[in-house]
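Shared between the two complexes below is subunit A, which pairs with subunit B and subunit C, respectively.
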Partner chain A sequence: MRVLDIPFMLRIIPELLRGIPVCLEITCVSMICGCLIGLATALFRIYKIPVLHQLSSVYISFMRGTPLLVQILITYYGVPVILRWINYKYGTKFDISGVPAVYFMFFCFSLCFGAYLSEMFRSAILSVDPGQMEACYSIGMTTPNALLRIILPQALTNAIPNMGNTFISLVKDTSLAFTAAVAEVMGQAKIVAGRSSKFFEAYIVAAVIYWIMCIFFEQILRRLEKFSRRFERDQGTSLKVNPAAHPKRTV
Partner chain B sequence: MSKKWFYQALAVFVLTVAYLAGGSFIQEAAAEYKMPKSGTQETPNNPDAIVVRVGTMGTYSPYNYVDENGNLQGWDIEVMKEIDRREPGVKFEYAWGAWDTLFPGLDADKFDVLSTQLGWTKERDEMYAVCHNPYSTNANKLLIHPDNKEKIKSIDDIYGHGYTLGGTVGNYYTMMMEKFLEEHPNGFKIQYYEGDSNSVFQDVAAKRIDATLEDPAIARSRCEIIGIADLVVSTGDSLWRSGQFMICQDTEKGRKIAEIIDKHIADFYKDHFLEKLRGEIMGEQFVEDVVNMAQWKNEEERERLVPADKR
Partner chain C sequence: MCEAQIICRLENIHKAFGQNQVLKGVDAEVRKGEALAILGPSGSGKTTLLRCINFLERADEGTIGIGGLKVDCKQVSKRNILNIRRKTAMVFQNFNLFKNKTIVENVMEGLVQVKKIPKNTAYAESIKLLTQVGLEEHVNYYPSQLSGGQQQRVGIARALILNPDVILLDEPTSALDPELVGEVLQTIKNLTHTGITMIIVTHEIHFAREVADQIIFMDEGIVVETGSPKDVIDNSQNPRTRQFLSRFTETLNKAAS
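Right, the complex of A and B next:
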């Protein structure tokens, strides 16, 4: 009966830490690109712009409806097959063999999380009181101007807890990147485990590394939320309303 | 009131019919789905014969695999079938299961012999009755894209050019690549893949990695299925070889079966049956794996037969 090999777990920490830069790379790039995609598609759907509105709906439905693992496999292993077929049929010489696998991951994760973020942005924008938009129109602001200066800042405040959640879940979803041979933390753990057959130890160390990274991000997100609510009266920490602002109910 | 009763009765009737029909249909589909995971296949023989249950993986094309009709095929099985034909006193039954269940199956008396490309190790020799005569050797060559044929002709060309070699996690071939890397630090990079070798072959075909190390028979079989057989070719000679043996239980019955198998495989060496079978089943380029098999007997045997100063 073998108990946990603690010295082994301590020995493999440096090797697993090698995966952190890749993990953070994928997380940050995907989050930024995903936010841009999400914001654009959310606005298309809110304002029902003719063609883009339907395309956005299909995109969101597909990206949310299919497993991320399948999306990664199709992108990484399917694209060369399609290009080979195109080269064969049309005599072209497209070659993406020089493109590092990480770029495929950026593409895949951005699209996938863009869909989730789109719905988040849509709900956040719709949660801003419609009176705000009317007030903007009444002083002569155009819609883009109003969105940029008045609506989105308020919407983002509402969206931050949700986005924070997505960010932290994205950090852990990068563990799927190893199916496309991108060795981030989980990939390094599998390499070590495959070599030594000590799966339990390697996965526990990987879990602890993810947890420490997520604690760090949680702290940053807490401060970010506090900063975005700096002008609000009750700082969003409770549902208590200010009794002086409301007339007393007698019934 | 009667209308409501009628519709309720109709609903109950439809659901019952659907359950009876659909239930059996789903059961059949589930049974068929379960088949590839494990199953048995019998060969007709003498009714008084000893029954020998052969265990194999069934997912290791072209050595052992299950075809569309649910029948076991492959090199390991054909060798066993020939032994069955030549030996009237035994009747072979074939079963397949996942890799993790084969040795435990041998321990638990679910199988009498394993025929699934197993190498000789000291641990296996101590715990089981390993046959003395190998029925196959494992080859392993570098597999490259045809465009690299001029650049990579043998293992010596791999070092120092910044090539990337691919391998799956936990694979024996990947561990050998790591060993080569220890001997030649920074000679090449290793890119690790998860799961099956299929993803490695696909990346060789897509030129994302320069080479991989693998048994060329397995590579060719997998690549033919995927459709990239002309984009992954082997180069150079086999880097090392070892014999593949059948392993029986370490009981009286097991040792007797091992003796019978050894006797027939020694006959195969004499009448070159293995070479003919190899050419038929796997192709002429793989016949080299089964010539002069006597030299690949397991380590202990070699110590006994070959004097120390002649090794």
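Right, the complex of A and C next:
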């Protein structure tokens, strides 16, 4: 008896690959929305904006304190209920069954990863030398201007390694979306496996696909990190950098 | 000394950090084009005083007047804090250059973002000024690629380009190793001929005597003595000043004899 049915595994690859676009969709939308949510909540907390500051804290505590799987299920079963209630109460006509399940996942993953990214941004912003902000003030810059031009670019540089980790986690966590009937890679694997009863093979193929995707993203993130650290001294280049290596900005 | 107009006036500045009263009612006046040096031992409040002038520290009490704008520290609006900051510029002890900007971008930043000058004009002006401080070859470097002395000269250029009413220099040479102090002091010395008004907190007594028009000696949050370098450094009648300066004057006398 064979342990693995290799021909079967090869045959099902295209079917599993069909889940990749959905997986990337969820990853990218959630990462972008999560970054915006995270940045906003991080600033609310650092500058202690009344009300928003407390709301942010509760939001982050809840999102980090509950499992993603539970959040997905709550979204999947809860949002339709809420929509139905709104329809009933206000006479609106939201088409509940017309909303694709993947939209729920955008919502859920954005909120969840927004919380993690928020903590990341907060520590990254706080790690920027306070002297940088003082220098901005000393030449008469306003706080928003200073944040945008000086503090955040440096904070993001600090945050990139952690953001990369989060991104990789996110890629893998999209597999949980199958519980909400979203046919991403894991969902496809489950369908194939259910049809043939070859669970072991199907899940191994899924694992390899996730692995390859993550290797690909790791490479991109490494380059991104290197690029973002170009203004730091310790970047593997010698102290006497050729000025030509830093082409003059077109002004 | 000519009776030029007073461009910066501090009255009765008080500042406490918690229970620690750092400034206990400091008054000072600087005339236009004058260099004021603030001397004093560590912990005497001189850096705090300097930082109160542009509201990096918020004084608890007192008034600050710079170039026609007078504010009461107790009830100053955000708008006026910004206005005061735009009439001053600061050179920091540890440079605080924008790490994510090249040298020329560091200098341009204030012109473009604060004074809203078009980028190409700002670029040309910045290059001109950087050439004056001897850094024309480094304009596209990042701060981390320069020596401390070079970084501080960029810091001076970044402050100077805004053409502020007063430049505040906070121990501009304290973070430099001895070999690099000279080039920075020379740069500051050259400024005194341009008619720019400066307030310098420094430990370089020799330098202060050379460039300053007026010297303030501070101790424990109050001004102990004010006067010309001659009065305060060479012929001080105040025991506390004499004690502080004794080490300096000793070496000076040795060198003379």
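Quick note on the criterion: the second predicted complex is superposed on the first by the 219 of 251 C-alpha atoms of A that agree within 3 Å, B and C clash if a C-alpha of one lies under 4 Å from a C-alpha of the other, contacts with A are read in each partner's own complex, and residues count from 1 in each chain.
Basically, a residue touches a chain if its C-beta (ideal position, glycine included) is under 8 Å from a C-beta of that chain, and two chains touch if they have at least 3 such contacts.
As the structure is a prediction and not an experimental result, all values here were calculated from the model.
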Checklist entry - Can A:Gly187 be said to touch subunit B (first), subunit C (second), both, or neither? => result first
Item to check | Greater subunit A contact set [subunit C / subunit B] | outcome: C
Checklist entry - Touching A:Asp129 in the superposition: subunit B (first), subunit C (second), both, neither? => result second
Checklist entry - After superposition on the shared chain, which partner residues are touched by A:Phe107: those of subunit B (first), subunit C (second), both, or neither? => result neither
Next on the checklist: Quick check on the superposed pair: does A:Ser97 touch subunit B, subunit C, both, or neither? Answer first, second, both or neither.
Outcome noted: first
Checklist entry - So, A:Phe167: does it touch subunit B (first), subunit C (second), both, or neither? => result neither
Next on the checklist: Once chain A of both complexes is superposed, is A:Tyr116 in touch with subunit B (first), subunit C (second), both, or neither?
Outcome noted: neither
Checklist entry - Regarding the shared-chain residue A:Ile150, is it in contact with subunit B (first), subunit C (second), both, or neither? => result second
Checklist entry - Do subunit B and subunit C land on any of the same subunit A residues, and which? => result none
Checklist entry - Where on subunit C is subunit A touching in the complex? => result 54-56, 82, 85-86, 88-90, 92, 94, 96-102, 105, 108-110, 113-114, 119-120, 122-123, 137-138, 140-145, 158-159, 162, 168
Checklist outcome for this item: In the complex, subunit A touches subunit C at residues 129, 131-132, 134-142, 145, 149-150, 153-154, 157, 230-233, 239-241, 243, 246-249, 251
Item to check | Parts of subunit B lying in touch with subunit A, wherever the complex brings them together | outcome: 166, 168-171, 174-175, 178, 191-195, 199, 202-203, 205-208
Checklist outcome for this item: Within their complex, subunit A touches subunit B through residues 77, 80-81, 84, 95-97, 101, 178-179, 181, 183, 187, 190-191, 193-195, 197
